[in-house]
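Every chain is named by a letter (A, B, C, D and E) in the order it is written, and numbering of its residues begins at 1.
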Amino acid sequence: MTITARDPTVDPTAAPQTKGPLRRALDRFFENRAARAGLLIVVPILLAVSTYHLWWPFSPNAIDLRAINKGPSAIHWLGSDGVGRDVMARLMQGGRISLLVAVCSVAISIVIGFLVGAVASFGGRLVDGTVMRFVDLAMTLPPVIFLLVLASIAGTGIAPTILVISLLSWPVLSRMVRARLLELRERDFVVAARGMGAGLPHLLFRHGLPNCIDILVVYATLQIANAILLEAGLSFLGLGIAPPEASWGNMLNLARSTVVLEQYPWQWMFPGAVLVLTVLAINFIGDGLRDAFDPRSDLN
Amino acid sequence: MRIKTIARHLAITGLLLGGLATSVQAQGAKTITGGFDVGPGGFPKNFNPLAATGGFTWLSTYFEPLVIYNAELTELEGDLAKDYTVGDDQLTYTFNLVQETWHDGKPFTSKDVKFTLELARNKASGSLFAARLGDIASVDAPDDRTVVVKLSKPNGSFLSILSQVMILPEHALAGMPPETLATSTWWSTTPVGTGPFKFNRYVSDQYVELAADDDYRSGKPKVDVLINRYFESPAAAVAALRAGEIQFTYVEPDDAVSFKSDSNFKVIEGASYVVNYIGLNQKVELFRDVRVRQAIMHAIDRNAIIESLYGGAAKPANCGYVAPHLLPEGLEPYAYDPAKAKALLAEAGWEKINGDKPITLLTYYGSPQAANVMAAIQSMLAEVGINVVPRVVDTPTYNGIVYKEGTPDWNAFAMVYAGLQNGPNPAGISPGLNKSQIPPAGFNTMRIEFDDLSAALDAALGQTDPAKIDKSWQEVCKVMNKDLPWATLWVANRYGVASNKLRDFVWTPAPAGGPYAAHPERWDIQ
Amino acid sequence: MDAPILSISGLRAVFRIAGRDIAAVQDLDLTIGSGETVALVGESGSGKSVTSLSIIGLLPKKIGHIAEGSIALRRRDGTVTELTGLDPESLRKVRGNDIGMVFQEPMTSLNPVYTIGEQIAEPIRIHLGKSHRNAAADAVRLLAQVGIPDPDRRARQYPHELSGGMRQRATIAMALSCNPTLLIADEPTTALDVTIQAQILDLLAELQAQRGMGILFVTHNLGVVAEIADRVAVMYAGRIVESGPVSEVFTRPRHPYTAGLMRSVPRLGQATSLKAAGTPLPTIAGNVPSLALLPKGCSFAPRCAMAVDACRAAVPPLFAATSTQHSRCLRWKDL
Amino acid sequence: MNAPFLSVRNLTKHFAPTAFSRGPVVRALQDISFDIARGQVVGLVGESGSGKTTIGRSLLRLIEPTSGEISFDGIDITKLSAGPLARQRRKMQYIFQDPFASLSPRMTIGQILTEGLDIQSIGNRRERRARAEKALAAVELPVDAYDRYAHEFSGGQRQRIGIARAITLEPEFIVADEPVSALDVSIQAQIVNLLRDLQVRLGLTMLFISHDLAVVEYICDTVIVLYLGRIMEVAPAAALYARPQHPYTRALLSAIPSLDPLVKQGRQVLKGDIPSPANPPTGCVFRTRCPVALDACAGIVPPLRATSDGHLKACIRDDIA
Amino acid sequence: MLVALSVLIFILLRLAPGDPIDAYINPSSPMSASDLEVLRDRLGLDQPLPVQYLAWLRAALSGDFGYSIQRSGVAVLPLVMERIGPTALLMGTGLAIAIVLGISAGIFSAVRRNALPDIILSVVAFVGISSPAFLTALLGLYFFSVLLRWAPSGGMQTAGAPFSVSDVLAHLVLPACLLSIGHAALIMRYMRASLLEVLNQDYVRTARAKGVREFWVIIKHATRNALLPVITLIGSTVGIAIGGAIFLESVFNWPGMGLLLVNAVGTRDYPVIMGATLVIGICVILVNLLTDIVYAVVDPRIQVS
């Protein structure tokens, strides 16, 4: 094939627009139907979750012992739970917590993952070997076991959950970053920068970071989806967000009880549906971003 | 290569068919399968009665103690002891033993009892009874059917403790050094008891299977096989029960509700003998003022919680007891009155003491119901201006926090939502309230140092006159009601669900699983 | 005289990119007789590879197709088959059978997970219906024919165990395994070192002498064309701008592009005198145009020193400069 | 004559397997010595695996040599520590082969061109821009390229940007590593002309690396022929093309296809493959493919020695000159 | 590596609040401190940490992993060994189903790229990836066991019945299928992406140029190469699979490593946790080794020694 975008024999003076690689990736992203659908799902959920206190009359922790386990109605749109709390309000608050946990943990694991990967790839063979052994160790530890032990130390609650999830997820990223940077280190334009006397910070932040941005963005979205699932799993095992604080995970935990599963399905079905939908949408977005950042997608 | 794969497929198919064939053959044996170690009374995967802190419902199907509570948990009756007498000095206990043989055919004699009691008192064996049986001065076996136990000082709980000591066969265990008993495989492979069923096998982490002991003294058991299945959670057991795989299990109150309307099942309900309370750490400045404690009592609408979250199946507690014979006249009922609670708090200067800073409400109760209860309490306390934040931890974490030696971080457990056994022996609550029981000595983990309460408890514990004993405990109740060492909440009911196929099935939600006279030999299945 | 091995007329191959149809090749006529080597020469984007993929029907399915034209192939049994519009199954039976194909990158065009022998034997089994064992024996024989020493051992090796030159010999063996009438060699020596390139060129010439097949040799290297080809077609922006016997075209180019190209190629020994004289190397000004933004008229006009207004008005037709040499230049006579 | 501007002595580079992997030692360079005088252009020619790029990168210490000395204007750069090395690097620049890989896709041309000035903290923002624009003009690109991204340019234009980047720092020495081999024929000559023009105008000293002897001819004063990590022959360009002395140089010249279709014969085709640098032949590395090899060639590594008219060759046979 | 793992776990464990003795106390029917002292003494929990660790390490090196604290008379090594089988069975079956389903769906999807079946399969796969394992497990259990009674509600064998293969299989099917969902979806996505990439490779074009049938181009030439990244993925999912198995094992009461560990962590059964983690670590390392071997079998460019 000789007709490819690698062959942009466009006369620059004839082509009026100048788009950076990020802009082009975004353009491609918005052309992706699944990604658009993902955005269409996530944005309203985000909006609702972040503003619900302004327009929804119930508070997530207000109990009403006279109205427990009531099904969806005009007052409680999504019904009420075992102590008469409004499921809608808890769903929104739970979304806040779940998303907060996911976003924070991903942010932390990105910082750790990038720095570890960067140090390993630019730090010389010995550092690389040592760091990667350590990463291997962290990956040998089956995640849920690590998590069980960590969670029982750190306890339950938002901050420990964030800590646990971020500690769990950085090794994968650091491997990806390392692989990318090892490859990047040999790329001509990085060699050129070294040839001009560039030091480690310059290489890392002027070349390393921008060229890892795709990995980071894609990892971030996919990992947010993953972190939501992890939080749910942790809460399910009783190690994540503890009630009465709401999270999608601990709301789903109610389905363990056969009575709730069977007779009060609104208590788990709505959080379940919203969780799956959100994770699905974020996965769509992540996938869309991955395609958008893939230089080969220019071909199609 | 292709022929090899085909051959392999054939082999696998053959294996499957063969497997089917073996499972098709019907089992004529009458079997009851249950989740006997599900719930708070169980202690799954423990086979050593000397190390048991629960699970006696199941252990007593193949082991037996000398004396046992009746199924209503109101009185102790003889089991391996046909009857017993207590000397006037309350120091000498004489047991007359029944005629029984061990499952391996050897006769059961007084030597076994002497052996067991001595083993149970021996720390080296890893026995948890060593300290509790510390008052025993001597054990004598004057003849094969008589055992005489002498105490060094009177102990009103002695028989109650004995009811959990399963008698073990001397002939099987005497040969093993006591130190090795705790790690011996005997318990889970070839234990020998005197109960109506004998140990058949243990399939690791799955179930224990017992077989009828044909020459049991009260008659041959009606079913041939008794199986105890292990479940990770009550919910899993409920699933198995509804799927028809088991005939009995403990269930959470929520689940009990859905079984009540189902004609295939019978719901068994009983008092838990555990009083739930909000423990208020006395090492913390917050709860020194009795008016604060009173305010907490007034702030919580216990009746509403009992009505809605327990479906009415709990009794509000205004002291450590709810049993009528332990309740004195004129107890303050601490009715729900948020206005009064606010007034009391204002009077005590709560704004200054704490204000609306969050206080952790620690608990080891992980059930959905407990979560609801705590949510309700949080909300009700918030109403009067006490900001509590529930924190659920697992049992070891809870104990690790509240028992911690050295200088514990008091703020980590300013408040707890907990429960304590208050029966069938009323002495059960003493270690949680008596100032002599402050850790590391005992488990007065809330560090309650009320002199009048300790005095009342000591008096009741020292009371040897059976006629005055209830009165003494009523006094304890009165002091508790006044001083409010805890904010006492209620004693809830617990539930078991049995299939309607079961006949003459007895189960009681006893603390630690009893033991109680359940008479498994009479259980039957259609 | 027999029909030519390959006869292409009026070929137009179209790619759909960003919603627009772009002709990668148009108005292409080409014939190859038996025992003849025709070189298709041009720079990147000129459409030479698209032409070769069009012949074997391997234009990327989703975006490329042959819009018009005819491609007639004389097969081993002497029958002539029209390849355009042939159903995929019949076309498949032609590929690797009557047409052998050698690609540019011997590393990537061999499957890394199968042995050389297996890959050479595969078309023999498919098209000639030979058994595994016979096909494997044939593969070893073919390896020997393309000058690989110790062919028995090499047949059992994987591509990564061979050097670049050996790999290209192996792909040639693979292309020739069914004794095709036409061999398409798409830049077969571009990825190789010059000393190895010389070996491969010699090998191809030798094999052609033995077997008498037609060769379509696609390349951008004019020196290679001079070495191996009998006739040459020069492509620029999807069209043949000049064609004819190599001896004629190279001694007297009749298109300014060909002439410019010939001048730009460094010739051994000439540069020293240019440098001494302080003269720069001759070049063609400007850049190769994008197929998406072709100028009206002659595509080369913007870079052409000889361009006149008429050049920009319409695409010039092919003029017959001699009985064998054709040029798509209005001013061919002025060259 | 004064001391050479650049002097390479006994340069050796072995790529050893890493601490956490296994594999053979690759002997990329063996005992390489040569000089470049100020203002001179030296061509480095050889086939793949000959070590051309390794030499080019070692000169700028982008690769740490295993042993040997590289003196740059009297300073041995192999012994410089990070700080002085970074300052030294201002004077030496590199031009890469692949115009697509050598420009960061995430930076504008302006960022690419000012990166070196930025690293070396030269000038303020405006001055840097001015220098970058001057460089753009020098490589005959429009000034408005400054805010564009590399992907908008064709291969030839990108190679011009690569050259512009190399000259913004106003270096004294440039390594041009196969700067035209990825380009179309019609563009190659443009770039060679540009490089030659810049070299003359800016008085640059240059090492021009290529696999193609024909491309090297126009721009180089002296040509070094490399084979399997060793120098085969060194000669002034005119002499080398007129009278190649080493059998390998002859074979290389002969293998270049001639444009004249009538001159097909007389070509000398080397037999066999290039041996792996991980396992080079003993003695003369070329002897396995050499048409005139003797038994003695296996015994010793032929020293690089001077013959007539400024020629140096590493071959024991004098009888074939 | 394993020693490092054991040190890490050891330290982590001791950082966690509560020790095995704390796990023994039922807060609602507690024991006296002197009762507990008996147990602490016997377990040597009062010694300094390095001493405890070295004692453990010395014993472990000689093959003695001690006794479970919570289960009287149960040695750790046989206990852990007993659990490997069920976990391997569950995970093996689940992964096998996932691999077969995932790879075939991935191939199908890649070949029919952007056609309706591909879109449907991809959406299904995304839903699979996006569903929490425990939710599918719970719902699966409820529908197939409680409501439909197609499969037993948990455990590995019918209680009291003699061991039979069909019995185990009947218990295995549901959890294995549920386990496979997420993995199948993930493998399918990877396989699809990998195959699409491989289909652009030169050697695929070469195969077509040789006149290989399209079916065999996909199966023989493309799939084997496309499998390479998928093999790596499968290898690295084993750790995750153990994680997923924990949810499934606890929901389905499957007597495997996950269940054992959850219980052991819940009761601070140090010897069991140490033993089980080490065994899992060894398994993960073995699986990685196995992955490398499979990789080398599929890809001749890699040599294993």
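Quick note on the criterion: contacts are C-beta pairs under 8 Å (C-beta built on N, C-alpha and C of every residue); 3 or more make two chains touch, one makes a residue touch a chain.
If you're wondering where the values come from, they're calculated on a predicted model, not measured in any experiment.
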- Chains touching both chain B and chain E, listed by label: A
- Message: Count the C-beta contact pairs for A-E and for A-B, then tell me which is higher.
- Response: A-E
- Query: So which chain is the furthest away from chain D, centre to centre on CA atoms?
  - Reply: B
- Note on the structure: Between the Cα centroids of chain D and chain E the separation in whole angstrom comes to 54
- If you average the CA atoms of chain A and of chain B, how many Å lie between those two points? 45
- Query: Any idea how many Å lie between the Cα centroids of chain B and chain C?
  - Reply: 88
- Message: Need the CA-centroid distance for the pair chain C / chain D, whole Å please.
- Response: 32
- Item | Multi-partner residues of chain A (at least 2 other chains) | 7-10, 152, 256, 258, 262
- Touching two or more other chains - residue numbers and ranges from chain C: 44, 287-288
- Message: Could you pull out the residues of chain B that touch at least 2 other chains?
- Response: 233, 239, 242, 393-394, 397
- Message: Going by the contact rule set out above, which residues of chain C touch chain E in the complex?
- Response: 56, 58, 88, 92-97, 99, 101, 103, 105, 108-114, 122-123, 126-127, 158, 160, 171, 174
- Would you mind writing out the residues of chain A in touch with chain B in their complex? 61-63, 65-66, 68, 81-85, 152, 155-157, 238, 242-244, 253-254, 256-260, 262-263
- Query: Can you list the residues on chain A that touch chain E in the complex?
  - Reply: 34, 133, 136-137, 139-145, 147-150, 152-153, 225, 229, 232-233, 236-237, 249, 252, 255-256, 258, 261-262, 272, 275-276, 279-280, 283-284, 287, 296
- Message: Show me the residue ranges of chain A that touch chain D in the complex, using the header's touch definition.
- Response: 6-10, 12-13, 15, 18-22, 125-126, 129, 132, 187-189, 191-199, 202, 206-207, 210-211, 213, 295
- Item | chain B to chain A touching residues, read off their complex | 233, 235, 238-239, 242, 252, 254-255, 257-258, 301, 304-305, 307-309, 366, 368-369, 371-372, 374-376, 378-379, 390-394, 397
